[in-house]
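Naming follows writing order (A, B and C), and every chain is counted from residue 1.
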Amino acid sequence: MTDQAINTGAGRPAVSPQAVVDAARPTGVRQIDYRPDAFNPAPSRRFYFLMMTPSIVLLAGISIYPFIWLIYMSLHTVGEAGQPDVWNDFKNFTRFATDGKFQNGWLLLIKYSAMCMVLEVGLGVLLAVILNRSKLEKFLVTIILMPMMMAPIIAGLVWLFLYNGAFGWYHWLLQSIGILGPTSVLGDSDIAMFGLVAVDVWQWTPLITLITLAGLKRVPQDQLEANMVDGAGPLRNFISVALPNIYPFLLIAVLLRFMDNFRFIDAILILTGGGPADATNMLPVYLFDVSFQYFKLGRGAAVALTLLLVTIVLGMVLVKLFEDPRRKIKVHGREEG
Amino acid sequence: MVEVNIQSVWKYYGKTAAVKDLNLKCPENSFLAILGPSGCGKSSTLRMLAGLEHISAGEIFFGAVRVNQLPPKERDIAMVFENYALYPHKTVFENMANPLRLRNVNREEIDKRVRRAAELLQIDMLLDRKPMQLSGGQKQRTAIGRAIVREPKVFLFDEPIAHLDAKLRAHMRGELKHLQRRLETTTIYVTHDQLEAMSMADSIAVMHEGVLQQFGTPSDIYNHPANEWVAGFVGEPPMNFLNCRIEQGTSGVAVVHPSFRLILNDVQRRLLEEKGAEVEVRLGARPDTIAYRPGANSGLDVPAKVYVTEPLGGDMIVEVQLGADRLTVKTKIGPSANLDDPCTIGFDASRVHLFAASNGIAYF
Amino acid sequence: MASREIAQYPTATRRVLGVATILFVAFYLIWTLLPLLIMFLSSFKDLLDAFQLPATGDWGGAALLFTFEPTTKHYQNLFLDLNFGTYLGNSLIASLGSALVSVVLGSTAAYALSRLDFRGKNDLFFWIISTRMAPVVAVLVPLYAIFRSLDLIGTLPGLILAYTTFNLPFAIWILKGFFDNVPYAIEEAAMCDGSTRLQALRMIMPLVAPGIGAFIVLCVLFGWNDYLFSSIIGSGGAKTLPAATIALVQPQNIQWGSIMAAGAVTTVPMLFLGVLIRRYLVAGLTMGAVRE
């Protein structure tokens, strides 16, 4: 080795005077505080961007374009059958103030979602806790998740059959128990909402159960044992150890179900179509009617925008939450999949 | 097979420079180790050599060929990764055969070469296993096997044995060095372990904070450290440093510490003059160059006190309190001593190092 | 939580709790299965049998549910008279087609997103997933207009594209997670072995293949179960099973027997798929936020 000396580059200081001043750094280190004269051309990332392009173009086509269209429509009275669209000075929005069905729609949607959520989370978590300790877990879960696999519209039809006032088995069952009067479930404006909630609970409680089970599997065994040693009973154990661990999972589950209630109205459309007497006319159903029954596309677009806005806000919260359990996975260092 | 030449290479991640103005030359068929603590830029350097990382500025040559723009495939290199990076779904044989298959080598030739490499690495009985079924050492051998089935121009090793246990690591050091001598291929080896670098490499490049601190043979690095940081990083236990002053006395030039003074010899004095010595200096002395005797007035020049003794079988480490400074001394095994027991120590003036206090550059 | 490993001792309360637990699970199983059971039974019943209901409070009459002369005439009606063979084919082509398109486009995009870092990546990612969160009803009108201008209304390609609108963002989101789990070093090793960039990608495909397979099944499930898109975008030439089933609901004449049969035809394949990909179901239905 001939080149023993430090190669300092042409005429540049080998060590910056800062070296002694900066106490945090180890002493006697050769430092370089100049920058390169020229940079090499940046590497081509075309390979990656080419891979993304088709998806992004397609998604842009089906999201940005419709979104702009939606905004345009919401600001106009959309003419039917070749008539021109007319600017209407935000009338589609200002009429929200006096539109009882719009306000009622939001109220009903929130009421419906809240009822579904309370029942689904209550039942789902209880079931998960029981199944988690069962030897039959795999088998029972397979049965329990069946309703989720069903098309919502088919679920709606089946329940329509069950609720039927003349030959529905659930109608008979409810009357036999004595909690249902002569009117059918969906025909009575006081209880139609509960009828819809039952369908949602039937179909989607398993999702909460599955998510909670996944969360329970991650509760660290040592924490549970430590708590048992400290003298906690199973209930205390669940509340103080398991619950904090599955809480982020539950939050995600609830938000997802909330957003799905905005998205999927298949079952409601077939079961009540918003009736009787608007008792179940939730916002998405109302929106469907405005746009596809009355063809008031401008008004519909304005309603749709309010729905989109709330969805996006919920979505942003959801994405923030996504980060959380993923980090947890790393902390516990468990294998995935 | 080929000389590797790194010329003024920089690596930026965003605004942070990971490698700064690096110049290195690894001669044909020699073994270069890049040594440094984590985050010193050594892995980035290796990845730039492999073509896995863009070279922000500067140039890299393999022989006469500028490889800046070449993808890994066209650089004719073989690399062994820190975590082995074996293909989990392929057997050991398939893992090792992959580089040959990609170059359309015929079946018999592949079979022959994989088996030969496997024998060399003593994994020929594992050829049908999947990586999941291998121990760390076996995985590491497979990864090396994948690199040597071919005859690449350059071998690149990224801390290949860092995750093995101490005993296996010591064994593999010898094996790897033997392999490199036998295959006679230019090899660049990144490690944070000075023992690996010192024992295996023909030359060592010490890096810290993205900057090349010193480049030389293992003996250069150990005996003539270029600055205080290198002196402190290489060597176990690490070198002792003391704040001293240079004084022109009647008996010549001396290094003065509150507890002692050392007269420099002619060579040292000349080096000091050549490099324009400052008054404030740092004296460096390796633990095994300091003599130690227990007891007061036991014959050595500098009286001191024992802080603790750590017997290590044949040797003993003694921590010695010298005024406000504490020194580590390595000596032959002797009786243990208690805190504050008196002792004397002696410096070998011809084997000390002197660094500028302002910037740490070595005078000698 | 393997709490079953923690020692437990029988006490009176525990025994009561145990019985209550069993009762609860039994009740829940009945609650879950009864609608499905009634659907299947009714699909094999003559309408006269299907409409038989015991008097209110006559609990013994519940046996009526099981007393009937099995008939396959509703199924015959569906496939021989009502063209359900075609609808079944449409459902299959549309959902499978969309699943394949989504997985091909989605896996390339997901791979790039997983391996490449660039400014605004998180924003892009949120935008991608937000396109799936959008309520279908809200964007149906503009989408209809777009599809009409492209002459895709009532065609299978149109329906495939429509399903892709919700399957593709889902694909990118989920598949990125799969790729994130494969160490980049494996591809780097492949490149050092002499692979091109693309060959290196092919090298890791077997590692993500099981996930991608399960994911295709999920896409099929979502497409198969869709109703709104198929009723609006597919109306005319590309009727799928859910839309065709709804067509049996006519104001004066609800053909309950055929509807139950159609429901069974639509549901049974999905039940099997659900069991098949059970392991991936949670990840799929929570958009990857929760994994088992």
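In this section, a contact is a pair of C-beta atoms (placed from the backbone, for glycine too) under 8 Å apart; a residue touches a chain by one contact, two chains touch by 3 or more.
The model shown is predicted, which means the values in this text are computed figures rather than measured ones.
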Note = Nearest to the mean of all protein Cα atoms is the Cα centre of chain A
Query = Which chain's C-alpha centroid is most distant from that of subunit B?
reply = C
Centre distance in Å when subunit B and subunit C are each reduced to the mean of their C-alpha atoms = 58
Message = Nearest whole angstrom, what separates the Cα centre of subunit A from the Cα centre of subunit C?
response = 16
Ask   = Which integer distance in Å separates the CA centroid of subunit A from that of subunit B?
value = 53
Task = Could you list the positions in subunit C whose residues touch two or more of the other chains?
result = 197
Query = Touching subunit B in the complex: which residues of subunit A?
reply = 1, 3-7, 9, 14-15, 17, 19-20, 25-32, 34-40, 42-43
Note = Per the touch rule above, subunit B residues touching subunit C in the complex are 50-52, 71-73, 77-79, 81, 83, 85-89, 98-99, 102-103, 146, 156
Query = Can you list the residues on subunit C that touch subunit A in the complex?
reply = 1-6, 21, 24-25, 28-29, 31-36, 38-39, 42, 50-54, 56-59, 65, 105-106, 108-109, 111-113, 115-116, 118, 124, 126-131, 133-143, 145-146, 164-165, 168-169, 172, 181, 197, 211, 221, 224-228, 232, 241-242, 245-246, 249, 256, 259-260, 262-263, 266-267, 270-271, 273-275, 278-279, 281-282, 285-292
Inquiry  = Taking the touch rule as given, give the residues of subunit C at its contact with subunit B in the complex, in rising order.
reply    = 183, 185-186, 188-197, 199, 203, 206-207
Task = Write out the stretch or stretches of subunit B touching subunit A in their complex.
result = 8, 10, 12, 17, 20-21, 23, 25, 54-58, 68, 202-203, 208-217, 220, 224, 226-229, 231-232, 282, 355, 357-361
